[in-house]
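Take a look at the following structure, please.
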Amino acid sequence: MTAQLEYPDIQDSEALLSVQGLWKVFGPKAQRIPHRPDLAALDRPELYAKTGCTAAVRDLSFDVAPGEVFVVMGLSGSGKSTLVRCLTRLIEPTAGRLTFEGEDLRAADEKRLRALRRSKFSMVFQHFGLLPHRKVIDNVSYGLEIRGESKPDRRRRAQEVIDLVGLAGNEHLYPEQLSGGMQQRVGLARALANDPDVLLFDEPFSALDPLIRREMQTEVVRLHREVGKTMVFITHDLSEALKLGDRILLMRDGAAVQLGTGDELVGAPADDYVREFVRDVPRADVLTLRWIVRDPRPDEPLDGPELAPDVLVREATRLVLESDRPVKVVDGGTLLGVIGDEEILAVVADH
Amino acid sequence: MAAITSDVEVEVRRPRRSVVLGVLLVVWVAAYFVLRGIDTLVLGGQDTTALHRWLNDHRDDVGQGNAFFDAIRFVVDQFVVLLQNVISQPSFDRPVPVIGWLGVVAIAAYCAWAFGTWKVAVLTAAGLVFVGLQGLWQESMDTLALTIAAVLLSLLVAIPLGIWAGLSNRAFRVATLVLDLMQTLPTFVYLAPLVLFFAIGPAAATIATLIYAAPPAVRLTAHAIRSVPPESVEAARSLGSTRGQTLLKVLLPMSRSTVVVGINQTIMAALSMVTVAALIDAPGLGQTVLKALQTLDVGVAFNAGLAIVVLAIVLDRVTTAAGDRPWRTASVRRKVLLGAGAVGVLVAVWFSRTYVWAAEFPSDVNIGSRIAVVASDVTAWVQDVFGGFTYGVRDVVTVGLLNPLEGLLTGSPWWLVSAVLVALGAVLGGWRGAAPAAVCCALLVATGVWHDSMVTLASTLLATVVVVAVGLALGVWAGRNRRVDGWIRPVLDAGQTMPPFVYLVPFLALFGTSRFTAIAAAVVFAVPVTTKIVADGIKAVPGATVEAANSVGSSAWQVISKVQLPVARRAITLAVNQGLIYVLSMVVVGGLVGAGALGYDVAAGFAQSELYGKGLAAGLAIVLLGVMLDRVTQAAARRTQDFQGRGDKR
Amino acid sequence: MKKLRYAGVLTAVALAVAGCGGEKVGAQPQPSAGKECGSFNLTVSPWVGYEANAAVVAYVATKDLGCKVEKKNLKEEIAWQGFSTGEVDVNLENWGHEDLKKKYIETDKVAVEAGSTGVKGVIGWYVPPWMAEKYPDITDWKNLNKYAALFKTSESGGKGQLLDGDPSYVTNDEALVKNLSLNYKVVQSGSETALIQAFRDAEKNKRPLLAYFYEPQWFFNEVKLVKVNLPAYTAGCDAVPAKVACDYPPYDLDKIVSKKFADSGSPAYDLVKNFQWTNEDQNAVARMIAVDKLTPDQAAEKWVKANESKVNAWLGK
C-alpha cells in the first residue's frame, strides 16, 4: 500500500530529511509485519485480530526540503505523533530508511544519536514538557547545559532566544507562574536555543485557548521568516495546517493519503476522505487561480486583465466580477486559461 | 398433525457466581458432618514437628561473630548512641545531653518553618512542649533518636532501591513481591533472629524498624519515578540527555513530592514499631508503655501512647508541608526572616547548654500524671458500666459466629478445606485466584501448624468482614460529608498511631482473655486505614457524575450504591486488601490477649528456645495466609472489572 | 505593623535577658571513690518482683560502691544470649531453666551461678479467694472435674478453662491436663497482664477462674489467691515433659552472672554474690513499685533505709 506521491519541486539530493518506507508496528513480533505483504495489506482491526499488532505508521515515504515547513496532518489515531517521534528515534522505527543530511539515522549509535539530538534536532511538545523545578532561563538553557557549555555562555544564549520569542523579563519566573501560552513560548525558546537544523512540533498549540493559539501560529510564521529553520509540524487542525504549511501530508490509520500544497489538497483531493476532510475550508482563501481556469471558448475576447496563477481566488474575485471580459491566467509567458464570473462564483459561493 | 417446528435455542448460561458459592458452601458443610475430625493435623501447644526441630538446630548456624554483621552492628550502634547523646542522654561528662530541651524545640521549630510553613513550626513547638509537660521528655527524645536513626538508614537503603525499581520493570516486579513479604511478615518473627545477628541493643531495634519502615519509601519512590509526566522525560531525551542526566536533572527533582510522601510513610511506620522494639531493649516511650502494662497501669500507658501520637502528628504535618512547598524560590523577606530565625536558634541552643532550666525539662508542671489519672478513671468507669454487657456480646458473637466457622475450618480434613479454598479461589478469581490458594495451602500443611492456621484464619476472616463493613460505612459517610471528614481524620490518625498495647488492657477488662478480644483489637487497628481509603475513593468520584445522579431524583442510598461505590471500586478493593493486611499484622498481638493459635506460637517461639522453629514456621504461616487472601481478593476484583467491562453480550 | 514588629523584638530580647539567670549546668559529679568499680550490665526481666531486686541492687551499687549500672529490659531468653556477647553481666532472678544453664554454663562456659537470692518461688494453679471460700474442696485437684462446668468459657469449647500466662513462662499444663485426666482445656492468655486482669475481674465480679500463677508476685498484695494442690512433687517426676503428672517443683531462685564479670574482681560482683533477701522483702518493694507507684529508685531508697543491717551484710561491712 505504498502511496505514489509526487515531489514536484524537490530533488532527492537536496532533501534535508528523507523518509523511505517507514514502518512502526506495536505488538508481539512486530518486525515481521513490514516484510509480509499479506499481513501488511490487512487493515487495522483485521491486523490486530490476526496478530495482536497495531501498525501506527505504514510504509511512509516523503522528503523534507531545507527551510520548508512540512505539516503532517490527521485525526487522532492517524499515527502522526508516532511518526514525528520516529524521525528522531524517540520511538524506534520497525522498518524503513531515515536519512538526515545524507547520514543514515537508523545506523547511528547511542552516542551519535545523542550528539544529533543535541545539535541538529529539537522538539516542541503538546503539553510543553517543561521542568517545573527550574526557572525559565534554566529550562531554556537545559539543552546547552547537557552538552556541557559553561554557565555564562549558556545563559547568554538562552537570554537571546528568550528575547527572540517575546519572553523578555520573565526569565527568572517558574513555569507554574506562567500562563499556557507563555509556557509554550518557553518550550519554543528551549527548542531554538540549541540552534538545531530541524524543529519538530507535536501539536504544540492544541492545549491552548483559541486566541492564544492564533497568536502562537503567527509567532511561528514570524520565526520561520526570521530564522528560516526547517520545521516538521504535526497538527489535527486543518486551518492551522493551511496557514503554516508549505506542504501538507495527510495521514489516515498510519498511511499517507495525500501529499501536496494546501491548494492541491483543496483543489484536487485524492479521494473521498480528503474531500470530506477539506470540505469546510473556505475554498476561496486556499485555492489559487490555476485550479479554476478553463480553456478559453472560441468566441471569447482574449484581451482582458492578466493575473498570475498563484493568486488566491479571494484576491481575484473583485477584479473578475468587475471586468466584463474573462481574466487571463498567465504563467511566465504561457496562457494557462481564462476565468469568468461563473468560475469565480462557483468557488466563492460554494460552502 | 401440524408439526410445531420451533427453533428453540437452548441457551446454556453460566450460573451466577453467588449460586456457585452457595452450592460450594452447602457441599462443604455436608462433607464436614460426615468427615468431621479426620486428618485435622492438630499439634499441641508445646509439641513440635521435625521441621521445627530442624529449624531449631540450624538457628545457631548463622549466629554472631560474623564480621559483616558485627561491622554493621557497630556502625548502627554508634550512630544511635551519638544521636542519643545529642538530644536525650547525659553525655560527655555532663549530666545533660549536648542540646537541652530548649535547643531541641528551637531547632525542630526552625526546621519545620524552613522546610514547611510557619503554621507547622508552631505546631511542632507546641507538640514538643506538650510532650515535655507530660513528663516524658527524655523518653520522647530517646524515641526520636531511634526513629531518626531508623528513618535515615531506611532512606539510605530505600531510595536507591526505589529508583532502580522505578527505572526497571523487572526490578519493579521483584521488589513488589519482596516488599509485600517484608510488610506482612510479623515483626516478632524476625525479632529473635535479629538479636542473634546483631546482639541486644539499639542496633537490632533499629534494623527491625528498618525492615518494617523501608518498604513504603521504596514503593513510593518507584511510583514517583514512574509518575513523572512522560513528556518532560521525552523533552529531556529529545534534547540529547544521557540516562544519568535524565535521572538527576529531570526524574528525581520532579518526583520530589511523592518521595516526600514515602518519607512520611516511613516515619509513621517507624513510630509504630516503638513498642515492639522495646521488647529488645530499645530505649524510649515503648519501654514506658510496656512497664506500665506489667502493672496494668492504663493511665501511664495511655500517657505514653499519647506522646507517641503527638510525635507522629508533628512529624506527619512537617513532612507533608515539606512536600507541598511550591517550586518558586523564597522571597527576600522570607530569607531575611529565616536568617534572623537561625540566629535565634543558635541563642536557644546556647541557653540550653548553659542553664539547667533550659537543659532539663522543668518537672514542676506535670500534666502527665493528670492525664494518666483521668485515663485510668475513664477506663475503670467504662469497665464498671459496660462490663456485664460486653461479656454477653462476646459470648454471643463467639458462640454464634466464630465457633461455627472455626469448627468448620478446623474439624474438616485438611484436604477438604484445601479443596474448598482452591475452588473458592477459582470461582472468585479464575486461575489467578485458584493457583495461589493451592500453593499456599500446600505450604501451610508443610509448616506443620495447619490446625493453628485454621483457627487464626477463622478469626481473621471474621475480623476482616467487620473491618470492611465498618470501614465502608464510615468511609462513605466521611466521603460524602466534608465536616464529618474533617473531624474523623484526626481520630483515625490517632487510632492508627496509638500503640495497640495501650488499648489492650481496657479490652481485656471488657472482654476477658479470648479470641473476641483479639478480634476487637484488630478491628480498632484496621478500621482507620480502611475508612481513609474508602473516603478518598468516594471523594474522587467526579462531582459531575454525582450531580447527574442527584438531578434525576435518586435517593441517597441509590446514589451510594449505584454510582459512588461502583465508580470507587478500585479504592474499595484496595481498602479491603489493606484492611486484611492490618488485621493480619495484629495476629501476634492478639496472641497476647488470648487468641492463641499462630499469634501465640510466634510469641512463644520468641520466648522459648525449644519452640523457636515452631515460632518461625508460624510466622511463615501468617505470611502464607496473607498472600493467599490477598491474591484471591485481588483476582476477584480484577474479574469483576473484566465482567463489567465486557458486559453480558455474546 | 512596624509597632508590632518592635514589640516582638523587644519581647524576645526581654525573654533572653530573663533567661540569663538561674543555675548553670555543671559537670557530672564524680561518684564517691571506693574500690574501683566501673560499670556492669544488669538485665531486668519483665516482672515486677525482678524489678524490685534490680532496684535495690542498683541503688546500693550506685550509692555505696560508685558503680555505673546499665539496666536493660529484656526477656529471659534474650538475656541469656547476652552473656556470651557481653551485653549482659548479671541476672538477679533465674527460675530453674536447667536447659539454658546446661547450654550457657556447661557447654559454652560463658556464665556461672552466683548463689541463691533467698527467695523461694512457687508455680501452680490458683483460684480467686471467693471460690476457695464457697467451695473449700476445690483446693484438692481430685475435685476439679466436679467443678469443670463452672470454669467453662467461650474459649474452652465445652470443657473447663485453665488459663495460662506469658509464653516465656515454663509450663507443663497441657501434659498435666492430659495425664491427670482432667476435663479441662488450656487457654493461652498470652501475657502476665492478661492473667492479672482476669484474676482482678474474677474476684471483683465473682467469676470462676482457674489459672496458672506464681509466687512471689506483687498481685498477692491486692488479692490473696489460693493454690490448688496437684499431686506432690517428687524428684524426677518432671523429667519427661510429656509424662508430667505432678505439681511444679519449688524453685530456689538463683543469680546468674557472666564469667567475665565473675572474673573481673569488681566489688559489684561481691555485692551480687552476697545479695539475699526473703519473699516478704521482695513483696514489700514490689508493692511500693506496682501499687504505690513509686519509682524503682524511690522504693529502693525507702527499703534500704529501713533495712540497713541487711544491706551492710551484703557489703561485707
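Note that the chains are named A, B and C in the order they appear, and that numbering of residues resets to 1 at the start of each chain.
In this section, a contact is a pair of C-beta atoms (placed from the backbone, for glycine too) under 8 Å apart; a residue touches a chain by one contact, two chains touch by 3 or more.
Fair warning: this is a prediction, and the values are worked out from it, not measured in the lab.
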Reference chain A; chain at largest CA-centroid distance: C
Selected pair, greater C-beta contact count between B-C and A-B: B-C
Chain A-chain C separation of Cα centroids, rounded to whole Å: 85
Separation of chain A from chain B, taking each centre as the mean of its C-alpha atoms, in whole Å: 55
Separation of chain B from chain C, taking each centre as the mean of its C-alpha atoms, in whole Å: 32
Junction residues of chain B, two or more chains touched: none
Of all residues in chain A, those that touch chain B in their complex: 85, 88, 90, 114-119, 121-123, 125-133, 142-143, 145-147, 173-177, 187, 190, 194, 200
In the complex, chain B residues that touch chain A: 229, 231-232, 234-242, 245, 249-250, 253-254, 256, 326-328
Chain C residues touching chain B - in the complex, by the definition given at the top: 12, 16, 19-29, 46-48, 72-79, 81-82, 84-85, 87-88, 99-100, 153-155, 157, 163, 166-168, 171, 174-175, 186-198, 200-201, 205, 218, 241, 289-291, 293
Residues of chain B touching chain C in the complex: 44-46, 64, 90, 93-96, 100, 192, 195-196, 199-201, 278-281, 287, 290-291, 293-297, 344, 347, 351, 353-359, 387-388, 394-395, 398-399, 403, 504-505, 508-509, 512-516, 590-596, 599-600, 603-604, 606-611
